[in-house]
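My questions all concern the structure below.
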Amino acid sequence: TDLEVTHWWTSGGEAAAVAEFAKAFDATGNKWVDGAIAGSGGTARPIMISRITGGDPMGATQFNHGRQAEELVEAGLMRDLTDIAEEGNWKEVIHPSSLLDSCTLDGRIYCVPVNIHSQQWLWLNNKVFEDNGLAVPTNWDEYAAAAPKLQEAGIVPLAMGQQPWQTTLAFQVLLTALAGPEAYTKIFGEKDAELAGSEEMAKVFQAAATARDMSKDSNVQGWNDATTMVITGKAAGQIMGDWAQGEFQVANQVAGEDYTCLPGLGVNEVIMTGGDAFYFPKVDDPAITEAQGELAKVMLSPEAQVAFNLKKGSLPVRGDVDLAAANDCMKKGLDILAKGNVIQSPDQLMSADSLTQVNDLFVEFFNNPSMTAEDAQSMFASIVGNAD
Amino acid sequence: MAAATRPARWHRNISAKVAAVPMIITAVVVFIGGTAWTVLYSFTNSKLLPREKFVGLAQYDRLWSSSKWLISIENLAIYGAFSLIFSLLIGFMLAALLDQKIRFEDTFRTILLYPFALSFIVTGLAWQWILNPDFGIQHVVRSLGWESFNFDPLYNPEIVIYGILIAGLWQGTGLIMCLMLAGLRGIDEDIWKAAKIDGIPMWKTYLFIVIPMMRGIFITAIVLIASGIIKVYDLVVAQTGGGPGISSEVPAKYVYDAMFLSQNLGQGFAASTMMLLTVVIIVVPWAYLEFGGKRK
Amino acid sequence: MEPSISINNLSLSFGSLDVLKDLNLDVGQGEFLVLLGSSGCGKSTLLNCIAGLLDVTGGQIFIGGRNVTWEEPSQRGIGMVFQSYALYPQMTVAGNLSFGLKNAGLPKAEIQERVNRAAKVLQIEPLLNRKPAALSGGQRQRAAIGRALVRDADVFLFDEPLSNLDAKLRADLRVEIKQLHQKLSNTMIYVTHDQIEAMTLADRIAIMRGGQILQLASPNEIYNRPANKYVAEFIGSPTMNFFEGELEEAGGNYRFTSGGKTFSLDGYTFQNGPPAAGAAWFGIRPEHMVSGAEADTALVRLDGQVELVEPLGSDTLVRFTTGDQTLWVRMDGQANIRHGDAITVGFDPARANLFDKTSESRL
Amino acid sequence: MEPSISINNLSLSFGSLDVLKDLNLDVGQGEFLVLLGSSGCGKSTLLNCIAGLLDVTGGQIFIGGRNVTWEEPSQRGIGMVFQSYALYPQMTVAGNLSFGLKNAGLPKAEIQERVNRAAKVLQIEPLLNRKPAALSGGQRQRAAIGRALVRDADVFLFDEPLSNLDAKLRADLRVEIKQLHQKLSNTMIYVTHDQIEAMTLADRIAIMRGGQILQLASPNEIYNRPANKYVAEFIGSPTMNFFEGELEEAGGNYRFTSGGKTFSLDGYTFQNGPPAAGAAWFGIRPEHMVSGAEADTALVRLDGQVELVEPLGSDTLVRFTTGDQTLWVRMDGQANIRHGDAITVGFDPARANLFDKTSESRL
Amino acid sequence: MTKTPHLLKGSMKYDAGPAEAGPDRALRHGDGTPSGSRMVEGPAGRKPRKALSRRNILIYGTLIVVCLYYLLPLYVMIVTSLKGMPEIRLGNIFSPPVEITFQPWVKAWAEACTGLNCDGLSRGFFNSVKILIPSVILSIAIASVNGYALANWRFKGSETFFTILIVGAFIPYQVMIYPIVIMLREIGLYGSLTGLVIVHTIFGMPILTLLFRNYFASVPQELFKAARVDGAGFWAIYFQIMVPMSLPIFVVAMILQVTGIWNDFLFGVIYTKPDLYPMTVQLNNIVNSTQGVKEYNVNMAATILTGLVPLTIYFISGKLFVRGIAAGAVKG
């Protein structure tokens, strides 16, 4: 059966990864009809929602798992996958299990998580430090301490793109790394406003202020432009997700030699279990329903998981697969995952609406030097207090 | 003898009425219907999907306490005022230049118009580069020896909106120019002659005779520009994404972000209701004067 | 007299269409020149060239002794009324009148006064605050005249300014224009189709045809001694009657024979001395023919039958046939004459006009 | 005769401006009606109403017995020539002429033939392939006439169709229109400012003023027996001479006294039987005054001094003063008279027109 | 000669013209002109149009400067699209490519991947054409007829509807997405080409109607009257009188619609199915990937390629920018 699958994986690596799913699915005798639309949130989502509400749904669609799809599920537009999940024993295979939680509503399972993306990385250009007579830092504090010297040398200590999500990402990384995973979970998950406003958190905000200072000469928009600054030595480092590694590879840089990656800023080595998931809209056609089930199974099959994640550069959602081909930094990630140092992504914990408010706050904070760390903290605390 | 009174006349002008059916349907069903729907749902706390969970004015409270929204409005006002003035000014001046029976008119016109054909998703990037202080114009000028030259509109929160304006005008004036050119081409040659005899300088002829004669075209242009301003979105997204910080946010982006990024439809609807309200307050009295019954 | 406007070998073409061909014309200082000519002969084009609104193809134009061939219209010191009015549609009539003056930086009071004066002359005072779209054809035309009048220029160019007005108003304006001309003594070039206007207003009339001037002379001369058959035919309504025939000479006395009739030409003064005999046209104006009792004493008499009667009130125009010839005669307004009547008309050959058959120029 | 066009209590306003006021008019089948009136009196507006181009404010319009008040212009069976030409600028002249016929679905050959015929009549054959912008004013007007002519409608409406043409062409076209009318015998309503046109073409003339019809009568009647002073003044060029004075009665004989002079009115036929004595206007046309030898035998004689001489070629217009009165007289074209001459003119009071002083209507 | 006093000194300044007044007048009266020709010295014949007159310098100078501003981004885009990625990453955006490569263009047109389909922009090209043609024709047809009805055939209420329409021009598109999804779903056109064409027509209607209405209103009323007398009805007048006289405004409308519809992405993708997706979906996918390496050269090439169709139309339609309501066709 032809099954239309929409997603926003359009770049080279992503597309290659999707191709693995498609291959595996086609092997079951069905046909994967690709409906790729680039540009996640803003662009693709209204299209997908319109298709679903317009009464002309696709067979399956990518969605950030988390709370985004809740309403679609509540509106009864999404197919309940519980029986398939039980049959495939997903509760056991999926690791960390929290991934499945975010697909669950009222005890029923509605989506298939397919990968884990880690964001908590600091990327450093070794040569820049050496040239300036500095040791390559091993954690955030050393890095921050080296900043003034770098600035004197005309080097931007921290490269940061201007897009809002990049600043938010930086803050979240600082929060998890410096305040620790528990604090993170409390604040985002339990909406603990008191903690958010506490002394303990103040140091995170101070660090954010430092980061703001370190990045004040960074005049680029895209994250990859920022990465290019690091590669070319215009900047010393960047806080970015694991996808930044691709840029280093394209520039023929070697991990450990030319650049260093520090998960969790070298302080708390944790990984956020954010990632992607697939949902299956309800349709009348039994043949399609059948094919949807097939696809759900295929996506979680160990073979497909390995093939997919190797291409995608992300981590598999199954703990029981072997990723021998992974590179250095990726292996570091796998280790952390194996140790169980995982946290849930904010998507899973907080509504998109509240996250946007947090987003806005940090965008403003990083761009407005006159906004003090204290101000930011108190605003943050009030957002957390009102969040849902 | 037939009645002396005016007969029932619904069937007079029947073709015109038939021809106006699409307009009537669009106006009533789509625009009025859609607007009513939007206003209605702005009183709900709809998130991803429109739902009838009414929360009164809560969305509006939040809207007006959001600094992002306030900045958006301010930016829109600045951008709108400048964009309107400069689009009309530049558009008209270019059209007037092209109307001087010049050679290569087609080439010039196409050059001035081409930006309109290119989607802003990427041209925004080109502008972003050109205005980037590290490798754009500032860089070039500085490397020519003028070290203190400063030109970084997109990276300075104070003036970022003007940086966006530079690209906005680049993209939009060509069309206005074409519109004006079409208007100029509709003006009787003898009027020019009369003005020449009257010894009226060129600029005055344009200002006091030709422009007033082109009233209709100007109104069209103003509506075109103004509606474009209200909807300005991709220009900002492509160049600054609303940054630095939120210093270049605009209302349409606020609406879009609220609806599709934050997934708070209610908030998006409230913001667009406010935008519409402003438009209605400005447009309706004007439209009444302009199109209202007074003229035959 | 020093010419105020002098045009040398002017030519103008629209693409391959030569509209003006090597035209020469001198207009004296303060002269009132009327351009007459059939539709499409280039009158408006000539005015446009003088005004500088068309770039000439060849030749020169002098105004006030200055070569203005390449000058801007506004520097030529002219005022112009357009055949198509060309009023500024969005300004009121008052605005149309005052715009040029404001632009010249005249004081407000002066402008006001000039506009009022012109409005009064043209009887458009109540219309001063209307826009052109709300005016009737004639009202628009008057506004257009007003716009030129207020300028008090050295040279006025009028392109059929009165053609849409009623006879009474036209007569009034005609007199006004004449008086204006006498008062201001500026040069005026005036295109019209109305022969009464031409005859009464003009110091000299230029008859144009196909982009050239056929005759340039005083109204009286043009009427009584047209330089060629075209001019003779063009001027006068109804048009001149023509006989085709032979000019014969017998001992210094000339006769004209046509269709079996022979007229003695004893009283006729030849243009350039006695001509050679040969084929010729003999023309006589309808108003120079007499009928009834007067005809009996006329030198030449023709019997005919009435074909058409056009009572004009003041006169009656009668068309009648004699032999194979159809002639017009103008009679008294009270003439009691009917279709089919037999009449006798007579005329004095001294009042006739003779034209050479081939060159068509006056003998 | 069954009226072809019948207009009942027609009124029309532009906003607060009442242009036509309760106007009534019947035009007979095949009649040629000329509308005359000063500029802005509502002639074009009336034509537009008849054509259905303006929605009337009140009243009814019948064409061919059918109430067409609310019908479409094209269904009224009319052809119209506009004062402003209104040629379709993007079509050639041929296109302009054939547009209406194509709309009516006529066969190609027929269209071709009609267009050619009209073009021939109007002498625009060489222009058929030009666009209006490349035509002179008069050429445009002819094209506009052509467009109406080809339609062969029941009713033709002409709004000053000949106003921009030269006298010769105008005379030709006038005759053509007259012949056309005779041949087709369709009803025509014709607006003009030219009295010669009005007098020669019209079966009846309607004199309009301020949106109303003052007199509707044959040209002869209008000229010789104007219904009121306005009409009398409006018709005739130069305009009628008026004396202000007293009408006196003495035993059935009437006399008119003005400025010390007294004229006997013995030959005068009163409009509605003998009127009461009182203040009145006495009018006499310039062409009804005689001078020279004839004046000696006239019933009334006036001595005066010449003030202005306008030689028209065919006639000479002379303005002279007698007492405090200024009068026009029309004399022969050859009259040898000069400014300042003393002259004696005479007239027959039977040819005069008397109007009541207050109502201004004919006595 | 005695000069009449100038009452209008200001407006009729007699600048002493370029060296003609004195000498030529002497010549004139010296009757020195040979063989009857009255030509004398001084300007004669066609006014020479100096290539470098002040006016020309001003006009062309301004235009050229303005064009440079307009062309700068295009230059950057073209130059970038001809460079390889390493050169872009390191080089100056203004410098011409060291090694010209057409690979990005090839890739953009035929190789760039959209998900699994690696056939670049060429994939959606015909869909775009399929969407463009009916949408442009329908929207312009409806709006122009509408504008014509509003300008020349007003009826009661027409202006009210029009006002609503104008207000509608200001509604942000995003707000209308869901209501229109619902409407299309209800009339069963959701996901079809027809539905998309209707959506384009609806959103084009306010501006286009205004455009046409105001232009038609400037056509002299008497022309319209003449045509009615000529028996032309609503449609005949529209097609044979109004349309030919309004070519420039049709060109503007076409520019507006071709560009808008060709570059539209949101509607094309929201209101249709994947097999109808326009080329811009591909463009968006090439350009808008959130992660992974951005291939600027391919992006630039793709954008220019996408713009070629509207550009071609601009250029071709230039010939239609003739004078509209021809001068003097109407007196008064």
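Just so it is clear, A, B, C, D and E label the chains in written order, and each chain counts residues from 1 on its own.
Just so it is clear, contacts are C-beta pairs under 8 Å (C-beta built on N, C-alpha and C of every residue); 3 or more make two chains touch, one makes a residue touch a chain.
Chains and their UniProt names: B = Lactose transport system permease protein LacF; C, D = Maltose/maltodextrin import ATP-binding protein MalK; E = L-arabinose transport system permease protein AraQ.
Bear in mind the structure is a predicted one, so any value in this text is a computation, not a measurement.
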| message | Which chain has its C-alpha centroid farthest away from the centroid of chain D? | response | A
| remark: A count of C-beta pairs in contact puts on top the pair B-E
| task | Specify the chain with the shortest distance from its C-alpha centroid to the centroid of every protein C-alpha atom present. | result | E
| Taking each chain's centre as the mean of its CA atoms, which one is farthest from the centre of chain C? | A
| said: I'd like the Å distance between the centres of chain B and chain E, where a centre is the mean of that chain's Cα atoms. | reply: 16
| message | Measuring centre to centre with CA averages, how many angstrom lie between chain B and chain D? | response | 57
| query | If you average the Cα atoms of chain A and of chain B to get two centres, how far apart are those centres in Å? | reply | 37
| request: Could you give the separation in Å between the centres of chain A and chain D, each centre being the mean of its C-alpha atoms? | output: 92
| note | Contacts with two or more other chains occur in chain C at residues 74-75, 83-85, 87, 100, 103-104, 137, 151
| Multi-chain contacts in chain E: which residues touch at least two other chains? | 11-12, 174, 178, 233, 284, 287-288, 325, 327-328, 330-332
| Taking each residue of chain A in turn, which ones touch at least two of the other chains? | 46, 53
| task | Report the residues of chain A in contact with chain E in the complex, numbered from low to high. | result | 4, 6-15, 18-19, 22, 32-40, 43, 46-47, 50-51, 53-56, 222, 224, 228, 231-232, 243, 246-247, 250-251
| Residues of chain E that touch chain C when the two form their complex | 1-4, 6-15, 17, 20-21, 24-25, 37-40, 42-48, 328, 330-332
| In the complex formed with chain B, which residues of chain C make contact? | 48, 51-53, 72-75, 78-80, 82, 84-91, 99-100, 103-104, 147, 151
| task | Could you pull out which chain B residues touch chain E in their complex? | result | 13, 15-17, 19-20, 22-24, 26-35, 37-38, 50, 94, 97-98, 100, 102, 105-106, 108-119, 121-123, 125-127, 129-130, 135-136, 139-140, 170, 174-175, 178-179, 181-183, 185-186, 188-190, 198-199, 213, 215-217, 219-220, 223-224, 226-227, 230-231, 233, 252, 255-256, 259-260, 265, 268-269, 272, 275-276, 279-280, 283-284, 287-288, 291-293
| Sites on chain E touched by chain B in the complex | 11-12, 59-60, 62-63, 66-67, 69-74, 76-77, 80, 92-94, 142, 145-146, 148-150, 153-155, 158-159, 161-176, 178-180, 183, 201-202, 205-207, 209-211, 213-215, 217-218, 233-235, 248-249, 251-252, 255-256, 259, 262-263, 265, 280, 283-284, 287-288, 296, 299-300, 302-304, 306-307, 310-311, 314-315, 318-319, 321-325, 327-328, 330
